[in-house]
Structure formats: structure tokens, C-alpha cells
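Below: a set of structures, written as C-alpha cells.
Next come two complexes, and both contain chain A; in the first it sits with chain B, in the second with chain C.
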Partner chain A sequence: MDTNFIAAILNSAIRSTTPIMMAALGSAICNRVGVFNVALEGQMLIGAFSAIAINWFTGSIALSVIGGILIGGMIGLLVGYLQVRFKAADMVVGTSINLFVGALSAILLFILFGVRGSFKNPALLSLPAIQIPILKDLPFISVLLRNFTAMDYFAYLIAIGMYIYLFKTIWGYHTLSVGVKIEAAESMGLHAQRTQIMAVMVSGLLCGFGGVTLSMGQVTLFTENMTAGRGFIGMAACNLGRSNPLLIILASLFFGFCDASASIAQNTIPSQLTQSIPYISTIIALIFFSRERMKKIKNSKAA
Partner chain B sequence: MIKQYNIKSLAVRFAQIFTQPLIAILIGLTIGAAVILIAGENPLNTYIKMFEGAFFSPFYFMQTLTRAVPVTVCSIAIIMAWRAGYINLGVEGQMITGSFVGTIVSIYSPLPTALTVMIAVACGLAAGALLAVFAAFINDKFNVSIVISTLMMNYVASYITSYFITFPLRDTSNDLAIQTKEIPDVMRLPRLIEGNTLNFGFIITVVLVALFVFINYKSNFGYESKMTGLNPVFAQYGGVKRRKVMYMSMALSGALAATAGMLEVFGVKYRFAEAMFTSTGYAWTGLMSGLISSLHPVGAFVTSVFLSGLQVGGQSVQRTINIPLQVATLIQATITLFVSIRLLAHFRAHRKSKIPKGNIKGKGAGDA
Partner chain C sequence: MKQISKRYPNGVLANDNVNIDLNEGELLAIVGENGAGKSTIMKILYGLEHPTGGEIFIHGKPQVFKNPQSAMKQGIGMVQQNFMLLPPFSIAENVVYGSEPKKMGVFFDRKKAVDEVRQLSGQYGLSIDPTLLIKNCAVGLQQRCEILKVLYQNARIIIFDEPSAVLTPQEVEGLLDTLRQLAGMGKSIILITHKLNEVMAVADRCVIMRGGRHIATLNTGETSIQELSSLMVGRQIVDKEIPKLDKGHCVLKVKNLSLSGPAGQSIVRNCSLNVDSGEIVGIAGVSGNGQTELLHMLVGLLKPDDGEILLNGKEQSGGEVRTIRDAGCAYVPEDRNTMGAALDATLTETLLMAHQYKKELNRHGILNHKSAEESFAALLKEYNVLHSSLKQKSGELSGGNLQKLIVAREISHNAKLLVISEPTRGVDIGAMEFIHNRLIEQRSDGAAILLVSSDLSEILKLSDRIYVMYEGRINGEIMREEANAENVGILMMGGVRHDKAV
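This part shows the complex of A and B:
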């Protein structure tokens, strides 16, 4: 097989990874403080929509990126407040926020742009591709890194940064303690509820980031429900990565690859079938890498 | 138990049950009004049009009831699993799969009609139930979250059935619509009133709700599933077989979801068409009505009629005033959100209890 072809597949896979990884990291930070966040999907969708809306009205890439992230964070703050302060049931808040954002973005799409379904316009700006001086001239790597945006690189820094924060700093240790035993954390004088709400807000910021890369990265447009379950795939990636940011990078790359292979295989297999690949592989991966199965394998090796 | 209450405490009880949803509905309508205002329309006018186009004309009220059939059945499908603590977000997928299988069998079966009907319904129910049981199985064996697996299967079911009706099983007499052939005339559910879509499915729905009430409040299984939902560890300690409850409630949930889909096909559409369940959002409306009614089946029935009315009214508003149909979904989601917060309960007492993951708070009508 042509090496350029392999590089192109990997390129597409890595670019599809970014939104999923952001959702997975958001899920991880919530899990680590003992909050179950199902609203990742909605947080991501609002980020994707806001980025396109701000993009259209201001024509500034920086503003749309920041706006998308912040509005995602606002939804995260709302979710955190409802779940932590008001003790509302996580599943109910999550599903209704997801449906709320889905409907809100569809309505605003009509109010602001007068269209239904999707909005695309050549005047919309895309995230600029980053050219790295020496690497862009190498044969394989130039294709591999083609059209990567700053966000695609930054995502990995966020994951590593989260790892360092959680496991190598005292603040991270405090954050983790809230998830382990909330009463103990409170007795140490930590504001446990505040930590939890902040964590959910951070997950909103991360999902907003993921949403921005979704609507302004590989393509520059917004479609209703364009996240298409990526928030939940992110939860799966977090599950596979055992809520550990570094493992999550690996898990997300796998799902990114599945996502990309769906669009690559589209030329040979009917698209209706290829589009289901990411979802089927999510279920299979969750089964295959489940803790129960891993334990069994370990036991059989020991015996 | 009710006999022990005097009239005053009954009134208090009713107030407790109904104030929360009513406040939530008011907030929902307010948020909806804000959005309509932003869209540059008159909210009051829009709401009047919306309710006229849903409840205040016999024809449209029948439309609302027709739509309430799949929504109600979806909502009891969700309640069936949720009250046992298993959150089946895959009702849409099970609905698609069940009704697809049911439709295909009834179109292509060479057997005599009576037999075909029975086999088609049985296959449809089994398909929906199997999908849900698969999620329960991988949860049981590999601890895969039911929330994620069922949600993923929605997409899988929708894409794979879409493949079948686009290529091998497509009705080629129509170039524009992606759909199967129509089911035979004799298999269609009879209409209740001439010239309206309301059909026998509505009566089936009422019977299903009654049956559901009976199973959940009067049978052993209902008691066990409620106990499992409230506190799985305690239920197991009390001798409830947790796995049995999980498989049973998921299977019933999936079968009910399939029923919802088949009622729509056999009663209204007479064929399986592309995106017939995803674009209408029956399953999600059903989910919301289940949650708004705190998982009570009769409450869910009433709520489903109300929410279906919002959708039907939303359609008529979309036609006449140019407000997107999704306003109805926005209002519904807001109502659900505010019911979940239980503002009153929050201000009455700061209950600090640890709830098992994924369980709704203060579930069941019994503790309201």
C-alpha cells in the first residue's frame, strides 16, 4: 500500500480524535470528583454552534474559539450547579440538557441564519492549519500532519496537563480526594461542592473546545445534532482509559480511527453501513477491554 | 393506604404531586416565550395558535392522541427499565428495529394472513427485546454501561435499517421516498373515526398502560423491580434476584419499544420509512414524559398527551407563523429539567442521601 495513503488515513484519524478526546477528558474530570456527567453531548453541541454563530457575526477566529469554549463552559456550570447544589438526578439533567441544546441550536439556526438543518457559507472562516518548518518538507510526515490546526496539537497538551495536575500536584490530590470520599475531603477543609461544580464546568470548557474543532476543523459548517453521539463515545473512551488522561489519549485515538475509517470506507461500501462503524466499534471496544475480561486474561496467565 | 388519609392530607398530597410539574410547565412556557420573542413573533399569539392546533379542535385533538400512542408506549418502555434502575436510552433503536422486522415480515411472509400477523408481531417484539437484552447481557458480563451501549445502538439500528430500505427492500415504485412497500390492507389497525388517523392503537395503548399499572403495582415482579431500583443491595439482601430483574425489565422495555414502533406502522404509516422515528423524536418525548411524571405510568400517559399536543401544535405553528417546530422540544426539555430539580423539595428539606448511580431521585409516586 502507498505510504501516502496510510499517512492520509492516520491524518484523518488524528483529526477526528480531537473532539472525542476532549469529551473523554471532560468525562474523566467529572468522574474523578464523583459526578456522573451525561450532558457532554449537549456541551459539545453548543460549543460547535456558538463557534459558527460568532464566526459569522464577528469574522474573528479567536473570538469564535474563545466564545465556543466559554459557552460550553457555561452549560457545564449549569449542569454542575443543578447536579451538585440542587442534587438533581444526573441522568435526568444530562438527557434534558442534551435535548434542550439540540432544540435550542436548531431554533437559533433558523432565527439567526434563516435555514433549517444545516448552515454552510464560504464566508465562514476555518481554523488555520499550522505549518511546522522542518517537518512540512519530510515525505511521510508532511502528509500525516497536513492541515492540523493549533487545536489538534493543543488537545494533547491539555491531556498531559490534566495528568500532571491530577497526579503530580497538591491541588490535583485535593481534587481527587473529593471523588474518593467527599466527607473526608470536607473535613480537611476543602470546598467539596465547589470543587465538583468547577470540575463539571471544566468538562464544559473541554467539550466546548471539542465542539469548536468539530464545526471549524475538518469542515466549517454546523448541522443539527452534528455531534452525533460523540459525547457518549467520549464517555466510552474515558471508560476504556480508566479516567486516566494519558490512557484516554490512546482510547480516543482508537475511536478517532474508527470515525475516520467510516468516511474512508464510504467509497467502497454503502455509506449507511460505514456510518454505523464508530458506534459498533464503541460497543465492541467496551466489551473487549472491559475490566472483567482483562481480569480474566490476567488470571489465566497467572495460572 | 389511602384510606388512612383524611381529605386534608389527601389535598396536601395532591398539591405535592402536582405543584412541581405545574411550576416546571410555567417555567418551560416562559423560556419558550423568550425564544419566540427573540424570533420576532408574539409569544401569546403563538401559544394560542399552538394550543388551538393541538387541543381545541376535534380534528387536531385526534391528531394529538394519534401521536400520543407511540409516545406513551415509549414512555412506559422507559419507565419499565428505569424504575428498576436500568436506564434504557435505546428505546429509539429498539423501536426502529422492532417495527422494521415486524413490517418486513408482514410484507414478505408467504403464510396466511392470521398467521403472518402473529408471526410479524412476535418477531418485532422479539427483535426489540433482544436488542435491549443484549445491552443487559454485556452489562452483566462485561460491566458495559447500559446508557452508552443502548445509545450507540440507536445509531446502529437507524443506519442499518436505512441501508436495507435504501437498497434491497426498497419500494421501487417511488423514486423520491426511501421506504418499504405498504403492508397488506387486512393487517392495518382499524381507524376509530372515519377521516382521522386515530386508530385502534389508542385502545391498545390504554390497555397497555392498565396492564403496566397492574404488573408494577400488584405483581411480585413489579415489587422486586421497584425495590431493585430504590436500593439494589438491599433488594438483593431481601432475596431479589437482581440479574433476573435486570433481564426481565430490559426485555419488557425493549418489547414495549418495539410495540410503540409497530403501532405507528400498523396504525398510521402502513410502511417503514427512512427516519420515521428519528425525525419525530417519539422515544425522546416519551423519555421526557416519563421523567416529568416521576415514572408513574398513568401520569406518563397524561403527560404524553400533553407533550404530543405541544409537538402537534408546534407543527401547525411552524406552518403558519414560521417558528421552528423545535420550540416544542425546547419547552419539553425545560420542563423536564425543572421537574428534576424538585425546587420545592429542595427548599422544604435539605435531604442529604446518597443515591445509587443512575437512579432518579424520589422516584415512584409513592413517596411524593
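This part shows the complex of A and C:
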């Protein structure tokens, strides 16, 4: 097979990975403090929409990126408040936020741009691709890294940073303790609820980040429901990666690859079928890894 | 440290004008029945609750504790009954939790934590491997970790809240040694308990509380268990006479019952026993020698591999729990919190369990709540279960009251066979006396009672006949007249009886 073709597939896989990884890391930080966050999808969608809207009205890439991330964080804060402070049921909050954001973005799309379904305009700015000297001239690598934005690189730094925070710092230890046993954390004088709400807000920021890469990265447009379940796939990636940021990188790459191969295979296989690849692979991966894990648990119990 | 005095007048009157003083290096016990206010006063001292009156002095200086952290700063630590440990983390990580050694300001220096904890455990003679994960530690070791946690915070006053309630007898010995040792090293220890033999064994002085009041402070050298228990309960404890009864008919007959575990190991081996009406038969043994599994087979929770269970002459082996219950078997499980009651259920719901099929409470599948509540209210009154309402959650009751409730529920089946396990584990003297008297009454009424208990004195007091279990088999049978702590104890350790006439 042509090496350039392989490089192109990998390139597309890695770029598809970024939003999934962000959602997965968001899911992980929530899991680690004992909050089940189902609103990742909505947090991501609002980020994607806000970025495009700010992009259109300000013409500033920086403002679009920051705005998309912050607005994602605001939705996260809302989710955190509802679930932690007011003890609202996680599934109810998550589902309502997802539906709410879906509807809100559709309405605003119409109000602000007068269009239905999707908004695209040549005046919209894309995230600039990063050119790395020397590497950009190498044959295989240049295709592999083509069109990577700063955010595609930054995503990995976030994952590594989260790993260091959780497992190497004292704050991280305290954060983890909240998820393990909230009474113990409170008895040590930690503000457990505040930690939980902050964690959910961080998941909102991360999903906002993922949303921005979605609407301003590979393409520059917004379509209704353009996240297409990436928030949920992120949850699956988090599950496969056992809420460990480094393992999540691997799990997200797997799902990113499935996502990319779906779009590549579109030309040869009916698209209805290819579009289902990411979801089917999610289910299969979850079944496979859950089984392995159950076996391990069984063995360790017998021992 | 000079003295701590504390007054706490009025309010709900959990504590009424209580004065307690504690000297350096002293081991002070606080005893009282459940609800006597001993936990409340300690929570005040530890900053978990706030007094409505009175003051706390340390070294003569008045102190106000807003929260446990401020109490900690003054050197007061508490080992609580339910541990505040993080199971997925190591002992070292748990001990330093809240004041971790730092690297470069933000990083958690785990290596240093391990070293420090190892040093600390050496210093106090609490041997421990700091790298073990809490989830792999036995309860006794977890408690040791809690003690180290308090020591790591430099506590000079350490409060132990019912520390032996969760421990096995062997672990209790270790704990008492630790308490003595800590006091010997100049720490002041407060031991909250209702186990008077522990008080007599380790404490220098003993504070007795009843109904929120301070009743007396005695030097343990100058008092006796009898005096303490009557002060605690507020009246003389009289052991109820166990009347002699004529031999009844056979209610339960078990032949060659056996059970193997998942790995093929033998758990119960060839157990044969019988229980007659009007008889209390005790099963003695160190816990974990197959007693639990034997009972579970009797009540239908486990299916035996082999053997027969005859209840009133009818084979029940391998039957469903409900069939066996319907055939006349009531069961008080050993752990009231997991099997005896659902802690989130209301008292009505808890009492209803296994009574829901009764005609008076159930009409064509619809429960009659009104008549249930009426009869339950009467039942709780009869059993003297302190509660605020039938809608209360059963987890809100104190241990003794919940145990009385479960015993009441099972006895009210009026079953021919009552299987009862650890009926008074972790309950106070008053409740213990009450439950014992109820069992004796049931015996007089002709019930057959099979009693399993790891408390030997309970077995010796109540049983007409004692089977001793060791490694899954019945290692001997002793009649009441011949039984004493020594010969039963030998059988419990796997020994053989020599005194038996051949």
C-alpha cells in the first residue's frame, strides 16, 4: 500500500481523535470525583456553536477559541451545580442539557444567521495549521502531520497534565479522595462539593475545547448536532481507559481511527453502513474490555 | 495537660452538665448504654458538634472547636467507629492524608510518606507495612492505620469510639495492648465503650454516663464489673432464672450436612445435630469455622452438597428460603446491618419483611398498612425499641435498638424453630439482658432455639446443650451441667475432650 495513503489515514484518525479525547478526559475528571456526567455531548455542542458564532461576529480566532471553551465551561458549571449542589439525578440533568443545547443551537442558528440545518461561510476563519520546520519536509511525516492545529497538539499536553495533576500532586490526591470516599474528604476539612463542581466545570471547558476543534478544525462550519455522539463515544473511551488520562489517549486514538475510517470507507461502502462504524466499534470494544476486566476480577477474587 | 471540663446543659439534653477531666498519660474509659450521650460528648470534644453551654479547657486554657481541624490543631484526634480510609490507596497515603509531605511545593512525595509512616509505626510499636493497600487489609490493620493517622497529626489526646466493636477477639487483644502502650508513652486516651471487661483490663479511671448525665467517675482498681454495670443500667442486673423443662420433641434434626467452597475446600463437614422444643442449643466456635455457612444451609440461603435437614420430620434440605420459613423457621442473621435489615427502609418496611404474606397484613396482594402499623407500634413498645416514628429509617436506630427490632420481628413469627446468630454482638448490657430474657421466655413457651455466638459467655449462660464447631465439623457436644469456659474453649481450639467417661 502507498505509504502516503497510510499517512493520510493516520492523519485523519489523529485529527478525529482530538474532540473524542477531550470528552473522554472530561468524563474522566468527573468520574474521579464521583460525578456521573452525561452532558458531555451538550457541553461539546455548545462549544462548537459558540466558536462559530463568535468567529462570525468578531472575526477573531483567539476570541472564538476562548469563547467556545468558556461557554462549554459555563454549561459544565450549570451541570455541576444541578447534580452536586441540588442533587438532581445525573441522567435527567445530562439528557435535558443535551436536548436543551441541541435545540438552543438550532434556534440561534436561525435567529443569528437565518439558516436551518447548517451554517457555512467563506468569511469564517479556520484554526491555522501548524508547520513544524524540518518535519514538514520529511516525506511520510509531512503527510501525517498535515493540517494539525495547535489544539491537536495541545490536547496531548492536557492529557499528560491531567495525569500529573491527579497522580503526582497533593491537590490531585485530594481530588481523587473526594471520589473515593466523600466523608473521609470532608472529615479532613476538604470542600468536597466544591471540588466536585469544579471538576464538572473543567469537563465543560475540555468539551468546549473539543467542540471548537470540531467546528473550526477539520472543517469550518456548524451543523445541527454536529457532535454526533462524540460526547458519548468519549465516555466509552474514558471507560476503556479506566479514567486514566494516559490510557485514555490510547483509547481515544482507537475511536478516532474508527471515526476516520468511516469517512474514508464512504466511497466504497454505502455511507449508512460506514457511519455506524464508530458506534459499532464502541459497543464491541466495551464488550471486549468489560469481559477481560470481569475475568481479571474473578481471578483476583479466587486467589 | 491539666483538665478538660465541659458543661452542656439543656437542648435535646444529649448531655446534661457533664464534667470530665483527663490527665496526661491517662487511660480514661467512658461507659454507658447506647444513647447515654457518650458519643455526643466526644463529638463535642472533637469539634464535630457544638455545645450549647459549657467550656473546654486544655492545659487550663479555654478552647472553642469549630470543626475537627481546630480540635486536631490542639492535639485532639479521634479514631471513629466507621473508618475514614480510602480503600484504593496505601496505608502510607492514608496516614499522611491531609498533611502530605511535599516535593517542590505541589507534588506529593509518596516515598517520603512511606518512610515517615514506617518510622512512626516503629516509634509506637505498631508494626505495619506502609505500602499495603487499605482494601487488602483486615479490619484490625485498618484500625491500626487510623491510629497512625491520628498519631501522624501529633495528637496528644486520642479518642477511641467503640474501637473493639468491629474486631475479632484476637484483634481486640492487640488493640488493648496498643492502648496501654500509647498511654505509657504519655498520650491521653479516652475509650468509649460498653464492654466492661475491656474497661477493667486497661482503663485507669472510668466515667459512667446514663441518660445524658454524668453518673460517676471511678478508679477501676476500686470497682467491679457488677458495680459498673448496675450504675450503667441504673438498676441491678439480675440474670433471669432459666427454668428446668421436660425434654420436648425433636424439632430440628440435621444429618451429615456438608458443604464445599468454590475452590473445593471443605467448609462444613458432616455436621449432625438436633434441637428439641423447649431447648436452647448453642453452637460455640471462633467465628469463621463454618457456623455461618451451616446456618445458611439450615435457612435455605445455601444449598448443601450432602446431608439431610429435617424440620418437624420433613426434609427441607436445599429448599427455598420461603418454603423453609413457612415450615416454621425464623432466622436472626449475624449481621443486622447487611442481612438483618435494610438500613434505608422505614421501620414499618423492616418489620414487614417476611411478614408480608400474612393474611392479616395482606389482602389479595395489597398490603394493609394501617393494621401493620398498629401491630408494629405495639410490638416495638413491647420490645422497648426507642424510636421516633415508624417512618424513621432503620439505619437511624442505634445498634441495640435495631437488634431488638429484628429479634422482635423474628420472634413474632412464633416459629417452632428460631435460628439466631450473634444476637447481642455490639449491643449494650440493657439490650443484651432484654434479648436474653426474651429467648428464655421463648424456650419456656416450647420453641426450639439454635443459637450461634462467638461470645462464649453468652453461649454458656443460655444453652442447654452446646455443640462446638472447629474447622467446619462438630468437635464435641457438652451438656449445660458439664460445660465451662475451659472445656468449651479447648474444643473451640480444635482440642479433644479428655474428661469424658469412656
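Descriptive notes on the structure:
One rule holds for everything that comes next: the second predicted complex is superposed on the first by the 291 of 303 C-alpha atoms of A that agree within 3 Å, B and C clash if a C-alpha of one lies under 4 Å from a C-alpha of the other, contacts with A are read in each partner's own complex, and residues count from 1 in each chain.
FYI, contacts are C-beta pairs under 8 Å (C-beta built on N, C-alpha and C of every residue); 3 or more make two chains touch, one makes a residue touch a chain.
Everything numeric in this text was worked out from a predicted model, so none of it was measured.
Following the overlay on chain A, a side-by-side fit with no clash is recorded for the pair chain B and chain C. Once chain A of one complex is fitted onto chain A of the other, the partner contacts of A:Gly189 are limited to chain C, with no touch recorded for chain B. By the document's definition of touching, of the two partners only chain C reaches A:Gly172; chain B does not.
Of the two partners chain B and chain C, it is B that touches the larger number of chain A residues.
In the superposition on chain A, contact is made by A:Lys181 with chain C only, not with chain B.
When the two complexes are overlaid on their common chain A, residue A:Pro270 makes contact with chain B while staying clear of chain C.
In the superposition on chain A, no contact is made by A:Ala123 with either chain B or chain C. For the three-chain overlay built from the shared chain A, the minimum Cα spacing from chain B to chain C equals 6 Å. Listing the residues of chain A that touch chain C in their complex gives 168-173, 176-177, 180-181, 183-184, 187-189, 302.
For chain B in complex with chain A, the residues that touch the partner chain are 35, 38-40, 87, 89, 138, 141-145, 147-149, 151-156, 159-160, 162-163, 166-167, 284, 287-288, 291, 324, 326-327, 329-330, 332-334, 336-337, 339-343, 346, 351, 355, 357-361.
Touching chain A in their complex are the following residues of chain C: 67-69, 84-89, 93, 97-98, 100, 102, 106-108, 262-263. On the chain A side of its complex with chain B, the touching residues are 36, 38, 82, 86-93, 95-97, 99-100, 102-104, 106-107, 110-111, 116, 228-229, 232-233, 235-236, 239, 270, 272-273, 275-276, 279-280, 282-283, 286-287, 290-293.
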